[in-house]
Structures are given as C-alpha cells and as structure tokens.
Amino acid sequence: MAIRLLVTGGTFDKEYNELNGTLFFKDTHLPEMLKLGRCKLEVDTQTLMLVDSLDMTEQDRHLIVDHCSKLKDERILITHGTDTMDLTARNLGQANLPKTIVLTGAMVPYKFGSSDGLFNLGSALAFVQTLPHGVYIAMNGRYFLWNNARKNRSTGEFEEI
Amino acid sequence: MAIRLLVTGGTFDKEYNELNGTLFFKDTHLPEMLKLGRCKLEVDTQTLMLVDSLDMTEQDRHLIVDHCSKLKDERILITHGTDTMDLTARNLGQANLPKTIVLTGAMVPYKFGSSDGLFNLGSALAFVQTLPHGVYIAMNGRYFLWNNARKNRSTGEFEEI
Amino acid sequence: MAIRLLVTGGTFDKEYNELNGTLFFKDTHLPEMLKLGRCKLEVDTQTLMLVDSLDMTEQDRHLIVDHCSKLKDERILITHGTDTMDLTARNLGQANLPKTIVLTGAMVPYKFGSSDGLFNLGSALAFVQTLPHGVYIAMNGRYFLWNNARKNRSTGEFEEI
Amino acid sequence: MAIRLLVTGGTFDKEYNELNGTLFFKDTHLPEMLKLGRCKLEVDTQTLMLVDSLDMTEQDRHLIVDHCSKLKDERILITHGTDTMDLTARNLGQANLPKTIVLTGAMVPYKFGSSDGLFNLGSALAFVQTLPHGVYIAMNGRYFLWNNARKNRSTGEFEEI
C-alpha cells in the first residue's frame, strides 16, 4: 500500500544549534525515523517546507491543500507542527478530498532524548492505512476528526472540542 | 476506547545485565513507553509473563489464548518476542474470538539506542483501534493477518507467506 | 579524594519545555550524570545558581569566587555555560586561591541525544584530581590555563589565546 | 599533546545483533565517541583486536605489551574489557615502560542507552595527559595503579586490592 509522506517541519524536525543555543531546521529526520522503525511500507517522502507551525502562513496552508488535491496518492501522511495542526486540518477537511489524510507531529524534537516522534509516526502510518477517506489528526495514540480536535495548550495534549 | 495491553516479554523488554554481560528481563518497559509516547488512550497493562519467545511453551501459548478469551475487552494488544509471534498468532486466530487482537514486538530492546519498539507500539495501538475483529501481527509499519505472516529470519522482517 | 562540585547552570543543564518550545532550567542533571558514569569518587554537589552564562552578572561571578575561597575543599569542579566560562575563570585565577579549580560545560544539553556533557564531566573530574593548584578550563578533551583560553565562537571549540 | 589510542574491544564496542539477539563486535565506536565528545586532542586510533576480555589469550596480552613497547608515543590509552583489565595492566606494569599507559573500558556498551563509556573515555584521556609514567586503570571516575586494582565482580566497580 503506497503512502505519500509530506514533510512541513514542526518540532519533529527541529535541531539544536550548538553554536548559538537555538533550535533550527536543517533537514527532515523522517527517512532516518522510518529506517529506525524498520518500516517496510512503500513510503514516498517529500519535503514541502520546513517551518515552525506558528510561522505557517495562509499561503503555506493553501500550498499544502493544493498539493494534496493534485497528488494521485489516496493515502497521505503530513508531518506538521502541533501549534496550528488543527488549522491546517480544517483547511484540508473543507477541501473534501476523496483521500485519507493524517496529520501528525511531536511535542519534543526527534533528536532529543525523550521524543514522542517515533511513537506518533508509527501510529499515524497505521491510521493512514486503515481509516476511511477523511482528514485526521493522530496524536497521543489517538485519532481525531479534522473538525473535532484542538491542542490543549496547558497540557500539550490533543482533545475533542 | 479502552485497550487491554498484555505483556509477554520478548526483545521489547530485555535489558543488559552489566555484571555478567547478558540480556535478561527485569520489568516491562511498556508503561514508560506509553508515557514517552504521551499516549492518552485508556490502556490497561497486564504482565502475563516475561519470556523470550524462543522459550515460550505450548502451555504459555495456551495461557495467552485462554486469557484473551476470558477478558471482557474487545481490543487487545499483545507484546511478544518476534521469533514465535506467528505461532502464537495462529493459536489465537484458530480460537476465533470476537475481538481485535494485535501482536507486536521489537527487533532491538527498547532500552538500547536504536530500538524500533516505540514505532511498533505506536502502530500497533493504532491498528488495534481501527481494524475489524481478527488476529493481526503489526511489524515494520504494516499489519498481517494471523494466517498470512512469518518472520524472515535472514532479514529480520515480517512478510506474507 | 573529596571533590566539591559547584553547579552554575549552562547548556549542561538545559531542558526542552515541550509546552512552548523553549529551553529552560529545572534542576541540575549532575547527580544523574555521575550515576550514569558509575562515578565512585566522593563528590559533594552544590547548586549555586542555574543560569545561562550569557546572563551571568558581575555579582554572580563574585559569588562564585567568594564561595570557592571560603570552601575548605582543595579540589573544586564548576559546571558553567561555555559562553563566558573564560571570564569566570579569569576572576577565579586572579583570586589566586591555593586550590585546584576546573571549569567545564557542554555544547549540547545533556538531555539531548548528542551531548558532549558526559565526556566533559569525565575529563574534568580527572583533571581536578591530577592537576596542581591553579584554575583551568576543561573542554574538548583538553585543559587550558585560566589566562590562556577562549571559546572560538565560529567553531564552538576552546583554544589558546 | 599526541595520544595513541589502542582498541582491544570489550563491552565498549559491543553491538546488538538484531537477527539472533546476541552481542557481537563489528567495528570500534571510538572515533564516533571522540567526535561526540568534541575531542580536539591529537589522537591516533588503532584497533589491535576486538575481543571480549574473557576471551583474551596470553598471546593477545603479549601482543599488547609488545605493541606498547615498540610505539614511539609516550602517552597510550587502551580500551579493554573490564573482566581481565587488571591482568593486562599487570603485564604492562611489569614491562616497566617509560610511558604513561591508561586502560579504560565500560560496563555497558556505548551503543546502549545507559553507557558509562563516554564518561570513562573522557576521564581516561585526561588521566593519560596528566599522570606521570606508569600503568593505570581509569574507571568509576578514579585512577588505580596497575598493581593495586581489581574489579569487584558483585558490584561491577573497581577498587584497591
């Protein structure tokens, strides 16, 4: 089952710049993570952008929706910062595409010791294979419909609205 | 959605004994892994045994099937050594229980640097929520029906028969 | 051989705040690091402050020198941010105390995957046991005299002046 | 200050073979560890053998002593399994070479999560720079003279005889 993996950045891919002590993007870690998970699915990875989702513009979101609508793939996984993941999910949901689209992210960068990234990637890849057409957020081991999810900013967890 | 998590051991839970340089079982790491994954599913974890699946006896497998049949839970995730996972899956499949049962494991102990455990746990938890009744193996990002899976011992990957 | 370990913060002890994506101080990781190193030296750990060395004030530095001069210990190890480590070393060197004082730090937080912290801690503890009275910086596997060290900000490495 | 690093194997360099669940040697991790420690010493690394020190023969030990005596380097660091490190240290000590030779090792493989390897490497590199001619064991943050060290097999720690 072929899966398209679209990378947009987010905490998932942030790294520590040891020269100035800030977090930044260099490359996506998704291929490395798929390898670590011994993933044998047919996954085509494509980096659309590498941005913090707080910096994501309307134009960026438009590009994501547009890209998803043009892709021939029926199963699309999008890695995305958690802060505005629900907003991009809404944009995608309203486009009403005949595809299964799952968005996931991480609370802690993959490169840091205590990341939830690998767990989330595993669950998102499973959800994108098994859920019917629709747009979903996969976080905290759960899946949420695009019009019924938000990040609780005091706990850092996703919940129904 | 309540999920029953049955621990049977396997590479997942092996640790390094620094006094004699061997691998052994102490406790399960599943609760720690669920915490790392920021998992917010209702998961009831229960340790049935902590064994290498090469050492698993007919009696052990009987106990697992018996336990699954008596549990009220409809969604059961079993962590299991990969070497005889297909055999236990067959035993469970033949019992024909009205439940979704997913077996998963790891190629490298969770405690070691390069484990696939967290990835597999994430995917297995997603599969157990979304797949119809039946018995499945979740490895390598994929799911396999109980009567159509085996571990390829030269690659360490699962494949259809 | 008793060693006094004074914690002042620095990259060593920074953690990732997953709620807002910033780096911050919570507690020192030094006791955990000593345990990981199976360190069996008699080390008395004391947290003087937990600050980024770019935020360290003249008063902070005065406090460190004053504290070192009042301690009865002859061997003192100080963990410190790398950005102004040379400045604190100068303050300590000019105090001309009859003690062996070693400053060390890390380029990457201990909690992140690729930290040099454990390596630096090991080398600094060895230097503080073996070097004659004086003030030293221990970084990059090397030791530097307090009046002959600076951080090269483009490489992140310490070098002679 | 040039340092010769002789690799002989030991727990330091053991890896997990995910196909059969055993520990084995593939390559030394010392260059990777030096890089992680941002080590800027002039270190010449040379792999003499890759063996578990319980499997080390008289001939192996003879080779190590012979190699050390022929090297022009005055400062030699040897990575070695901990189980018979004291025995090799004795062989080297009795050779009475005009050099500073430090042996170190690890209780847990570098590749596993909780290794003391990086800490020990840091301390050993510092000791080999600062200690006078002689043969030493560097473990647990401490250094021991070749004729006054043994591994306590019940605690896994080194101690004076």
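Chains: A, B, C and D, in written order; residue numbering restarts at 1 for each.
Just so we're on the same page, a contact is a pair of C-beta atoms (placed from the backbone, for glycine too) under 8 Å apart; a residue touches a chain by one contact, two chains touch by 3 or more.
Since we're looking at a predicted model, the values are computed, not measured.
Enquirer: Touching subunit A and subunit D alike: which chains?
Expert: Joint contacts, listed by label: B, C.
Enquirer: From the centre of subunit D, which other chain's Cα mean sits the farthest off?
Expert: The most distant chain relative to subunit D turns out to be A.
Enquirer: Per the centroid of Cα atoms for each chain, what is the distance between subunit A and subunit B, given in Å?
Expert: Here subunit A and subunit B have centroids separated by 26 Å.
Enquirer: So how far apart, in whole Å, are subunit B and subunit C when each is placed at the average of its C-alpha atoms?
Expert: 45
Enquirer: Counting only Cα atoms for the centres, state how far subunit A is from subunit C in Å.
Expert: 39
Enquirer: Of all residues in subunit D, which are in touch with two or more distinct other chains?
Expert: 107, 114, 156
Enquirer: Quick check on the complex: what are the subunit C residues that touch subunit A?
Expert: By the definition above, subunit C touches subunit A via 11, 14, 16, 18-19, 21, 23, 52, 107-109, 111-114, 153-154, 156.
Enquirer: Provide the residue numbers of subunit A that touch subunit B in the complex, in ascending order.
Expert: Within the complex, subunit A contacts subunit B at residues 33-34, 36-41, 43, 107, 114-116, 118-127, 129-131, 138-143, 156-158.
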